[in-house]
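Across the two complexes that follow, chain A remains constant while its partner is chain B and subsequently chain C.
Here is the complex of A and B:
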């Protein structure tokens, strides 16, 4: 029994080492700035629920050209979003952003998550305590 | 003439509803063992009257009776027969009639299937279900009658939106509706079980059937919708976080949480209140979905009706249902006392709780993301969009722990798990490590988080595979979980290694992508009955000189005049080649979008496997429990 225990631990250590060795260390390959990635996050303002990327409307086509120009002018992704939000309002961006009006949007789901975790913790904890008595 | 009969038939249906309600109420308090035969007959008549009305509407569409407003708005005499029929539910009025049809057939099905259940439980379920049915009858008759007349009679109809003229979309609404409406039985049954103090493992057996039935159809409906979006909307995606997609995903999530709970209730007789709450929430979410879609509040590709009075009606109806649920929940909660049992940390019970914890979190993200912009608009008239970046930020980080829990959860045993070390675990670990490593290298995304995601998913897949290949135990669970792991792996691989080229191209030009040459050979035009087609011919040649031909199309429909682009897709087990063309205004060149989408077909196949798991669950007759 002792022997099995020992070998079990050894195997476990071996596996942990293996996992660490095999863990690839690079970061996500950096997506080069391109029109498609940016236009996916922008709403086509004259369409029904389509992004600029998805749409072939005149608005979307000119928007894609606009984004291409800005990329060539050396703007970063966030600068382009800011520019468009300033021009068309928050409605154009699929990312609602963090602001006074949107903090609840981000906060409520996270609150639910914490709340749910607490319920489960106490449910298991209390059931243990009850049965110890 | 047809329309009047249809209307009368619907009106009869409503009268039957009221009678059923009344008779059920009277029948509850007598001492007879069996349900009054009258009630069952009335349920049958009610079903017949809706079937009649529905057939009349189909008939009106078939003969293109343009004196009917719905037919006039949504059909055209040159439309192919199949789309004349599917056009019946391709609009607001018709789709609500379909909703009503499914609603009444479900209560009939329930009445037949629940013969061995306690009498009062059956009666109360029918009673609550009739409240919903009456609500919908009034809704259809008052605000959305499909039998309104037009005078003078127009000679031609306005036609059906061409993007809806598609076989997958023809059957998508009925399948989805069976899923949605199936939850009405879950709802009614939960309220009824509360009143009768019947929230126990016996009830769970009954509820399980309805939960799984709705879940299977809802999954199927969502699958069809995604397939349709993939090939019809023309940009090669299958999920867009579109509000209407979210709306179908919300009841799906709560059904998924519920079905894990129902099984726990069946096996262990615990989680009573939570099962009830989930049952109620699920139907609420279905109704909320209907409200949001039908009111036209949402800015979505699905919005084809925009009438505030309809929205307000459903909103009031929703509040009535919530009110009833609350009252019954608080009045009868103590009738179903929770039995105190110890829950061990390493047990299936804990796994189910954790599963529910994450699912409810995902549900909240989607719910808040969908309705928050509406509230904000009403309160401060500030317009914001909540799209993929929001969902990615709030959901993706949680997938990692979720998948880790999910990979070990199914291996837990009821009550308490005793882990015994076995050599095969090492084999699994090696398999998992190898598979994940290969995938990560193949994707060229050497990221530790992604690697762990794959570890969890592959472990789950191998473990589930073992369960049904070697042990042949718990087919439903292992099938669905295998399907889920495969689905997630396919989606991850697909999203990380899809490639695309968007180019403006003339006939005779070509471009390269991934060692393949794409050559734009020619363009032909074809005249069809209800549309003109511009068809491009593309030849894709790989470095072994094998050629594939793809023929994407632009269709210009005559009624209404709308141009759609039909993708040409070549599917293989490894990848889809996807091409669409679009006309560029005032210019003689085409906008060509060509995509390589790896593992696309596996997304559909794995979803089918998930559905099969659900089918197994319905036919699972194991009686073993651990109370």
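Here is the complex of A and C:
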């Protein structure tokens, strides 16, 4: 009886190992060059608050075909973004980029971080001082 | 007395900092929200924008035409993106007809995502201002042009330089602007 149970356990272990081996080695984030990955990073210019990927407008549908053509022509992802930014301006990309108009966007969080850090530092410094007294 | 003074000072500093943060965020949002969200390549930023070459079949003859060769035929060209299913295009058509009398100007239509049959009956019904009509069946050529949709109009000179870009239907102001450029 004990033997059987042990073997049962062994079978269970074996099964678990088998399942782990047989699970396809899925890299859940798909980094391959395809239309969906690129169009998710592009703003649909004639829709409100939708990406090209989400939208079914004529503009977005054409854009997806355009991106597919460019992929087939051998362009890299960044080359496609640059091409579209050149045609439509920075607004089409969800990445605001570094420029004269966006430096505040990058700079202010850093400033707040330093400011907050300074407040915390001085609070601790003062409380230590008081504690010593 | 001294402690009270310190607390008071702290409160003032704190409220001042808060006020500054609020003011900064107000100005950022104020500026960002006032800006129009429909951006297109600025044509007055001293950079010149040129049309990329592409070839499309003609609506009536079905012959493949290159935009570069068409643009070289006249001093100025209007490239108008239109479709028979586009309602503002019907109104715009009369403006285009009034522009079709100039000697140094040709009008090239780009028929956007349309059926040939519908496009032809549209031209029969409202008149045909176009010297050539290129068929852009899947809309990708309009993206090469940097267009958003229909209707959209470009004024281009012989050297393929974009002089004017009009998003949406043409109105009287645009018409005057085009006239003043052509007659220079």
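Keep in mind that, in the parts below, the second predicted complex is superposed on the first by the 103 of 133 C-alpha atoms of A that agree within 3 Å, B and C clash if a C-alpha of one lies under 4 Å from a C-alpha of the other, contacts with A are read in each partner's own complex, and residues count from 1 in each chain.
Basically, a contact is a pair of C-beta atoms (placed from the backbone, for glycine too) under 8 Å apart; a residue touches a chain by one contact, two chains touch by 3 or more.
Because the structure is predicted, anything quoted here is derived from the model rather than measured.
Let me test your reading of the model: by the given contact rule, A:117 touches which partner, first (chain B), second (chain C), both or neither?
Touch partner of A:117: chain B, not chain C.
On the A-aligned overlay, A:45 touches which partner chain: chain B = first, chain C = second, or both, or neither?
Second partner only.
State whether A:65 touches chain B only (first), chain C only (second), both chains, or neither.
second
Is A:89 touching the first partner chain B, the second partner chain C, both, or neither of them?
So A:89 meets both chain B and chain C here.
Determine, under the contact definition given at the top, whether A:75 touches first (chain B), second (chain C), both, or neither.
A:75 contacts neither chain B nor chain C.
On chain A, which partner's contacts cover more residues, chain B's or chain C's?
Greater contact footprint in residues on chain A: B.
Name the residues of chain A shared by its contacts with chain B and its contacts with chain C.
In chain A, residues 58, 89-92, 104, 108 are touched by chain B and also by chain C.
Per the contact definition, I'd like the list of chain A residues that touch chain B in the complex.
For chain A paired with chain B, touching residues are 4, 8, 11, 15, 18-19, 22-29, 36, 40-41, 43, 48-51, 53-54, 56, 58, 89-97, 101-102, 104-106, 108-110, 112-113, 116-117, 120, 123-124, 127-128, 130-131.
Please name which positions on chain C make contact with chain A in the complex.
For this pair, the touching residues of chain C are 24, 28, 37-42, 112-113, 138-140, 142-144, 146, 148-149.
What residues of chain A sit close enough to touch chain C in their complex?
45-46, 57-59, 61-63, 65-66, 69, 86-92, 104, 108
Which residues of chain B touch chain A in their complex?
233-235, 237, 240, 242-243, 298-303, 340-345, 350, 353-354, 356-357, 360-361, 364-365, 368-369, 372-373, 376, 380, 382-390, 394, 398, 421, 426, 429, 433, 437, 440-441, 444-448, 450-451, 500, 502, 565, 582, 585, 591
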